[in-house]
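Should a chain be cited, it is by its letter among A, B, C and D, assigned in written order, with residues numbered from 1 in that chain.
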């Protein structure tokens, strides 16, 4: 096993981020997974397949090339590796990918219905409705192709893959995790809101104003960049 | 008390697995229970009756024969012992049985409605709708008979016993726990999905493809077998 | 302060049982409370008013007489003291009382609708529908009178006080806590079940059979009695 | 950095109170924030922007003036600082402000519907319906103006800002946190209640009686005042 410092760091980062999926209620048993691109290479670090969240260690993470072939690691990579790899091949600005079956978001996916952008937190993070991608079977490039086709040119970093679950993308794995957490949060709030009456989407000009401000003003910019290991 | 190493190991395994029922929100107070067959014998290890999950120890587990008679243990076995024992008698490939009243799955059971196979995670794990078994009173073989009659020849390792709760089976106790956890997960997601509109079941050919792949490809096969103590 | 061993023991027991209200999600902020009768006396031990669950200690519990007057304790007793005291005065077999605003049960209370006995777990514990008591203002004997009038001659140890919340009774404080936990559990399951269709109550003869068995057969009888400090 | 004892104390208090937002399920990722007025000054202590709840320390809290300008602190203050500051400028009796996107309350806000005062816990804490404030964009005084316009002369310490979330006020930061916690609690209970039928608001005279009693009788008055650091 090579001991490149950047890969060692990403093994730990990807491993640790899975705790956020558990903490925010996005995953059940071994159902969700996170990956990160190794910057400047054609490699990625991804969760091993079928391993429980309590048993994950930096060492158990798997390094693959962007065709999904294992480069380092004693375990098989996530069964969703092909989808992650496809996204990195086709979307060079993406540094992290997350997949979950979080319950409220997957409920929208089961109906094949986009989540309307009806609350300000959603305008902030997603800047639009959260779109629905096609139904696709696991095992080839179909899921990856569906993700890329749906998110290309879209503000939303999250896609609801029909009858399946959520994929999110980000400049870093941490940003993709945040998008997955916020996707479930807004999926739940809008679900609850509609139980007792219609919910109006926000007007487009308000969505634009909120999205622009949040993406460009919010947070501790310098600190965030350092913390998230953003290379751009 | 005999000190057979296989029984000692199963006492610990069955005891520890109850923590997963708590962790994934499947049980309330003392309402769920797990058992494991002692491989190659007519014995099983099962939760004691009416003992809280925090108070379980390997020593408090009860060993019974497959008629439900206590062989080892200072406590009474679970009040559901007869149902577990019936399943082991009639289904020789079953190595573990789990019973819960997990809320979303029990809600489907209360209506007597199968959970339609509408999301890919459900096709993966269950390969079909999760079926409803008959209403049966506790105290004899009626519950066990209903479980066996419903699951025989069915892909699903889970049955919704009408107006009662969930029973799941597996090659090992751990596999049956996983089925119970996933049953509640898909029961919740499909429940939520239908709140805001109809949900279509997946086409049969997609269910077949997903089920076949998941059962034969997913996970760390060798590692899993070792971990779960599968004997087959 | 007197140092009667039975009171010291009950101070600890009542204090510790509040952790179950938190654990099972029955309380928010300081909204629920537990009391226990001091056996053979006209005294009870009850939660202090307005103190958070993390800050409770055996010493902070309040001892009152059955008119609600403070006998021992530096804090004011729960604002629901009058209701607890009334129950002990009028129902000599009751050794513990619990009050919560647990969300699903309080939702039924807000509609003033009894929870139909539609699942076996409910037949086991409650043996009947969970009834609705009258609307009553805090501050006198009205709440206590409503509890006693509703539960006298009723199998259910739980009553849904209209537009208010849940009161449960038991032979011990622990039994009353169990009833409160199970009340919320069945309130949630039946609520969820009815979201997608009608739910039939169980036939009366099945309820009778389940209730009789559960009350007389289930659990580790001797161990339970010792643990719960039952005096009867 | 000045080392005024009152500011040091409030840095710790505001920092620690954020744990209650997490504990009671009111926040996701970094979405909620708390502030406290520094008594007798034109200063307030507020959460830093975009910092996770696990990473908060007393030192990371930000001190601003009531125009929102940073006086002490290495981080940027919460992006909601202008709204907090406006409230302190216009409502001199307010010592603490809390903002969340708690899911059930935000669902009511998304529909723009007040929460009817239908249960006694709500009459106790809010003394009225929880009102809806106007839609307002972040970035100026519009949100603050909407909060103040809605809550002035209203008993409720909580306002549902349309399509956005909850703001609560209190004599202290702790009191505002309590109002935020109770707001979500009653938002959930009344939401659940209405799923299966209409819910009647309590009659005005009952609301008045409950509110008056709770505000003036409940709890350990002296202890509370000391604990909450109330200056009035």
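In this text, contacts are C-beta pairs under 8 Å (C-beta built on N, C-alpha and C of every residue); 3 or more make two chains touch, one makes a residue touch a chain.
From a predicted model like this one, the values you see are computed outputs, not experimental measurements.
A.B. asks: Measuring between Cα centroids, which chain is at the maximum distance from chain B?
C.D. replies: D
A.B. asks: With over half of the numbers shared counting as same, classify the chain A/chain B interface as same or different.
C.D. replies: Answer different: the two copies use largely distinct residue numbers here.
A.B. asks: From the C-alpha centre of chain A to that of chain C, how far is it in Å?
C.D. replies: Measuring from centre to centre gives 45 Å for this pair.
A.B. asks: Where the centres are mean C-alpha positions, what is the separation of chain B from chain C, in Å?
C.D. replies: One centre to the other, that is 32 Å.
A.B. asks: Residues touching two or more other chains, restricted to chain B: which are they?
C.D. replies: 195
A.B. asks: Counting only chain pairs that touch, give me the topology of the graph as line, ring, star, complete or other.
C.D. replies: Per interface graph, the chains form a ring.
A.B. asks: For this structure, give each pair of chains that are touching.
C.D. replies: Contact pairs between chains: A-B, A-D, B-C, C-D.
A.B. asks: Can you name the residues of chain A that touch chain D in the complex?
C.D. replies: Against chain D, the touching part of chain A is residues 24, 118-121, 178, 181-182, 185, 188-190, 192-193, 195-199, 202, 206, 209-210, 213, 217-220, 223-224.
A.B. asks: So in the complex, which bits of chain A are touching chain B?
C.D. replies: Touch list, chain A to chain B: 28-31, 48-51, 75-76, 79, 101, 103-104, 106-111, 113, 135, 137-139, 163-165, 191, 194-195.
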